[in-house]
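First the structure, which I've put down as structure tokens, then a few questions once you've had a look.
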Amino acid sequence: MPKMNIIQAINDALRVEMRRDDRVVVFGEDVGKFGGVFRATQGLQDEFGTKRSFDTPLSETAIVGAAIGMAINGLIPVSEIQFADFIYPAFDQIVNEAAKMRYRSGAELSCPMVIRTPYGGGIRGGHYHSQSPEALFVHTPGLKVVIPSTPYDAKGLLISAIRDPNPVIFLEPKRVYRAARGEVPNGDYQIPLGEAKVLVEGEDATIVTYGAMVHTVMDAVDKISASDGITVEVIDLRTLLPWDVETVLSSVEKTGRVAIVHEAPRTCGYGAEIAATIAEKSLLNLQAPVLRVAGLDTPFPYTLEHEYLPNEKRIRKVLNDLINY
Amino acid sequence: MPKMNIIQAINDALRVEMRRDDRVVVFGEDVGKFGGVFRATQGLQDEFGTKRSFDTPLSETAIVGAAIGMAINGLIPVSEIQFADFIYPAFDQIVNEAAKMRYRSGAELSCPMVIRTPYGGGIRGGHYHSQSPEALFVHTPGLKVVIPSTPYDAKGLLISAIRDPNPVIFLEPKRVYRAARGEVPNGDYQIPLGEAKVLVEGEDATIVTYGAMVHTVMDAVDKISASDGITVEVIDLRTLLPWDVETVLSSVEKTGRVAIVHEAPRTCGYGAEIAATIAEKSLLNLQAPVLRVAGLDTPFPYTLEHEYLPNEKRIRKVLNDLINY
Amino acid sequence: MREQVQRIIDENGKVIDGAQLPDLSEDDLIRLYRLMLFNRRVDERMTKLQRQGRIGFYVGSTGEEASIIGSAFALEPEDWIVPCYREVGAAFARGYGLFDFLCQIYGNTQDVIKGRQMPCHWASRELRLASVSSPVGTQIPHALGMAMAASIKGTQEVALTFFGDGATSTGDFHVSCNFAGVFKAPVIFLCRNNHWAISVPVGAQTAQQDLAEKAKAYAIDGVRVDGNDVLAMYAATRQAAEKARRGEGPTLIEAQTYRQGAHTTSDDPRAYRDDAEVDQWLEKDPICRFRTFLIERGVWSEEQDSALEEEFQEEIRAAIEEVEKIGPPDLDTLFEDVLDEVPWHLEEQRDELKSLSDQ
Amino acid sequence: MREQVQRIIDENGKVIDGAQLPDLSEDDLIRLYRLMLFNRRVDERMTKLQRQGRIGFYVGSTGEEASIIGSAFALEPEDWIVPCYREVGAAFARGYGLFDFLCQIYGNTQDVIKGRQMPCHWASRELRLASVSSPVGTQIPHALGMAMAASIKGTQEVALTFFGDGATSTGDFHVSCNFAGVFKAPVIFLCRNNHWAISVPVGAQTAQQDLAEKAKAYAIDGVRVDGNDVLAMYAATRQAAEKARRGEGPTLIEAQTYRQGAHTTSDDPRAYRDDAEVDQWLEKDPICRFRTFLIERGVWSEEQDSALEEEFQEEIRAAIEEVEKIGPPDLDTLFEDVLDEVPWHLEEQRDELKSLSDQ
């Protein structure tokens, strides 16, 4: 099996789907000729032509709005928003239009479409090249929200997202776009949306996480397990909505101690939902409060971004707090 | 003291502030001559002229974007978004610009401004005249978020919001705009942002709520207390960010049983944050899981809106579940 | 250089000197008339129902029927119509039935969209009628996307989107026109300039009140049409559709018309506009004018007109009677169609609600 | 009717027949030249620092200095400048210092904005320089609002906002121009048409490539100016500002110029554009042209030029040396300025972080 990074895996997924189904079209700012500022769409215009892979003028509103119209009229648009920080001009089209189209039309119309966008910090991107807006989309009924953490998952999840009949927000962990490498099968395979993955089994505590934070957590847990002699179960959610409550709850049953790690701001972040659900459904299993390690409730900073982001120190502290509760 | 409804109280607050401080300007769609589709700005143009109270063209983006510029250049803009459902075209200006202006400029510039908008269901408004987007703003660092439930609070909180040096999202419970009536002092008074109000004290359980749901909860609690012989403490948060964690936690200490009631969708809603925080900070006081009564995770419906909204039945059930846990 | 307003029949129903009548059969002319009159009578009846509290809300289009129906009539069945909230006349022109419309308004079990939206928010895949939503302007990029899809697929359909003068102030209008210019998308931007956006007159909406002129910002064609002249609306739309099908790109059509009534049943325009202005426009009413034209041409008569009025009255009455017997949608429908399948968290919410409603 | 491009000196530094030189002293002319040259040398040096990994990122403006500095120079100190990310030259024209700029780039303790944003995202209340943000177009409505505030307060300040050709595709551009037209706001929309938006040429950005023409959609004035002619830029901006101050409303100025370099240090334009096109524009370089003009006019000499180059080299070197000694901001700064006061939840987060960093 070839080794790929996440960018290559995404490129490969797009290629597989564009070959398989000529309704799939790929577009966005700098996406066509240039192949995207992160080069995720490189070579697609050469292979599939300018009708199926093209540049657009600079408007996220129109990119998403047009994608909705294309989806209704028989295509499967896979649009790119250059950075998740720039998705807000399309927010109305996403939350008021795409998300509600199937419901509001009694399923007369629907929007099978994917919006791909790199999210997250750690690349010295400051306020506007670092945000993690997943909670906003999870709070919007009518969307699926997916965040892969590895090349293998990225390809399999993106293929599933493209074939899914619902609008899918596909957030890509740009911090590990190139750093995360792994084996990726050639050709066609899917990873079902809605299924989490237990990355490592453990007995003493559970960490629920996703996206770029998976790597931070795995590194930290490796070290902490080695130094402290504890075992930590790590769950990569992969799909944030609908999320895999069963996998999470059965881990909680086992360990009784849970932390959620994400880099979006803490208040009303995705971790709040997981924490609230666990405390609601599994209170009697809990040996300690469900704790959250999250981004700070500040705009994303520049110089001190690594102070902002969850890191080994904070993960170590939270595991300590859980275990010594 | 005169009796007013919420619309009148808001109108009165605007008038008090416009008289006191000529930097305060009021504008939005249909706000000037007509006085707003809910008539909250009625008479202001007559009293203060077209420079300080005026109609705008139809663009929420420009309304909020211009408000930011006005705030930077010495005014205190109080803009109206006709329905909260129409705030999304301004989402980028709110979350990426207004919310981050002070932080990103090292406090060189700031946005003292208020965005008023009616929110919530129960008026047969369907998808687009019923939404409750508060969680989206609470999740955005740099904003304050306020929701009054009574005329008295509406006036006092709006005056505080106008004098606050931060951008404030002021969500108005349109369902009870006219139905909620009460005594409202003449002239100038403030209710500090960030302070909740214990509406009724109780021993057996706590309900945390805000906005229009305060009325639903109070009605339900009245009946349930009478029929079931229990006492329920009801807390009206009034400010959602920063929220009054002390008042909530001391109630939890007392009752050990909490439910949160709001009408926004449940998943990643505001209730998740309160539930997660309580379970984190006060686990050992909890005699039962923190439960949420919320809007459904669907777009807001039309015919069945009262099935969508939290109601007495659901509040009764949740109190039962809490008490019989 | 301000171009002329396209007109075919004048305010008195006379053919304008030198104007060319579109190639429409007598049957078609009568169909156009029937549609406009039907639209108006439905509007009137629904407004009354709302006053009586029998329905929750209604959006009328009195005075704007020609702009809505004339343009829709010029399209082919495979073309998409992408409306805002005020164009059920276009749906009727497509064959959308009164029964379906009423079920939508009542939001009952037979409502295609399952009682999920306010009145006048219909949709029909079969008839290629996109789904109405309330936010102003948001449908415009959808029409763009449908048209781009047609170009990409190499099919011949055109997308026509309706919107008001107020909508030209939105970002959605601008970005869609700009994309359409770049991609030469087969889309028709049909702006019903009815001179008001709730209480805001077009003069306060934009300094460029010659709305068709806005097309120049995108190097696309802009035409201005007497929106109360159903034949001119038909001809202009037909031309734009043919041009689009030839791959020559989009057109912005400004239909100059007038909102004779309230914005919706929630509105009372006496609070903000002068009767004198309304009266002026009543003289230019599109239906009276077309009726005179038909009668003078000998394809229609007063007697036929009276009969038609009776026919419509009875049809509408009977439909209401039938629809009012139908009950509200089932609780289950609340949870369907959020996604294609009901996810676990909605199953939980559904089960809880059902267990409570069984009590 | 496409109007002419406003020019004063041609590509060889000669005054164009019949062109009127703006009323600028010799000192002012030299100041303009110094600013442009300084801007370019700073850009070059910063780009190198980025290559060396000493700074994280940089946005240059090589080739566009005249459009940026000529326009800023035409304003009064009380006027607002509302930039995007490419106009530090305008800040320099206002008196913004290199030291401050470098501190911002390094995001250190002396950075006015406390290390919170990427390089080139400066702000200064005192100098009436609005805060740079990365999203394209979002600053345009702020300038509108500042201008509206001036009208409302009855003061005389004008707001000038810079943006690129790509930004004309955004909704923010449209809605701001439309409001400005309606309210006759004293705002100048200054579009640097540098012909590229990252990899997208202006020809793929909009079908209306005569960007000044877009002003017609709002019935506001649109003028096209040779953006590489610093005197023409000065004159056009001055005129627009005077008009705005007289209460005669906004102007859209299209400055026709060219992005000679990469979009930012993250970009490599060889992947998408031809060298031949770049070479053509190098011939029209704004600095060379103005230098020739000054020398031919006798207000400048080769010797002065060499001395100036040395002066700048030393100034920049010394500033970098000083700034590189300064450390990063304190942890506390992370939590300040989110709101005017630190709320309880941020206090908790701060205390936790501090206790961990003390370990």
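Should a chain be cited, it is by its letter among A, B, C and D, assigned in written order, with residues numbered from 1 in that chain.
Heads up, the rule we're going with is that contacts are C-beta pairs under 8 Å (C-beta built on N, C-alpha and C of every residue); 3 or more make two chains touch, one makes a residue touch a chain.
Every value quoted in this text rests on a predicted model; they were computed, and no experiment measured them.
Peer 1: Looking only at C-beta pairs in contact, point me to the busier pair out of B-C and A-C.
Peer 2: Counting C-beta pairs in contact, A-C comes out ahead.
Peer 1: Sort the other chains by how far their Cα centres are from that of subunit C and give me the top one.
Peer 2: Of all the other chains, the one whose centre lies farthest from subunit C is D.
Peer 1: Using CA atom averages as chain centres, what separation in Å is found between subunit B and subunit C?
Peer 2: Result: the chain centres lie 36 Å from each other.
Peer 1: Which whole number of Å gives the spacing of the CA centres of subunit B and subunit D?
Peer 2: Taking the average C-alpha coordinate of subunit B and of subunit D, the gap between them is 40 Å.
Peer 1: Any idea how many Å lie between the Cα centroids of subunit C and subunit D?
Peer 2: 45
Peer 1: Residue numbers in subunit C touching 2 or more other chains?
Peer 2: Subunit C, residues with two or more chain partners: 111, 116-117, 121, 133, 135, 169-172, 175, 178, 182, 204-206, 338, 345.
Peer 1: If a residue has to touch 2 or more other chains to count, which residues of subunit A qualify?
Peer 2: Residues 57, 59, 61-62, 85, 88-89, 92, 96, 100, 103-104, 127-128, 141-142, 241, 267, 296-299 of subunit A touch two or more partner chains.
Peer 1: Hey, which residues of subunit C end up touching subunit B in the complex?
Peer 2: 56-57, 107-108, 111, 115-118, 121, 133-137, 166-167, 169-172, 197-200, 204-206, 266-267, 271-272, 328-329, 331, 333-335, 338, 345-346, 349, 352-353, 356-357, 359
Peer 1: Tell me, which parts of subunit C touch subunit A in their complex?
Peer 2: Touching subunit A from subunit C are residues 80, 82, 111-114, 116-117, 121, 123-125, 130-131, 133, 135, 138, 140-153, 157, 159, 171-172, 175-176, 178-179, 182, 336-340, 343-345.
Peer 1: Under the definition above, what is the set of subunit B residues touching subunit A in their complex?
Peer 2: Answer in residue numbers: 85, 88-89, 91-92, 95-96, 99-100, 103-104, 127-128, 135-136, 138-142, 241, 264-265, 267-273, 275-277, 279-281, 283, 286, 288-292, 296-299.
Peer 1: Considering the complex alone, what residue numbers of subunit B touch subunit D?
Peer 2: 25, 51-52, 56-57, 59, 61-62, 64-75, 77, 89, 92-93, 96-97, 100-110, 141-142, 144, 164-166, 194, 241-242, 245
Peer 1: Quick one: in the complex, what on subunit C touches subunit D?
Peer 2: Subunit C residues touching subunit D: 1, 169-175, 178, 181-182, 204-209, 213-214, 216-220.
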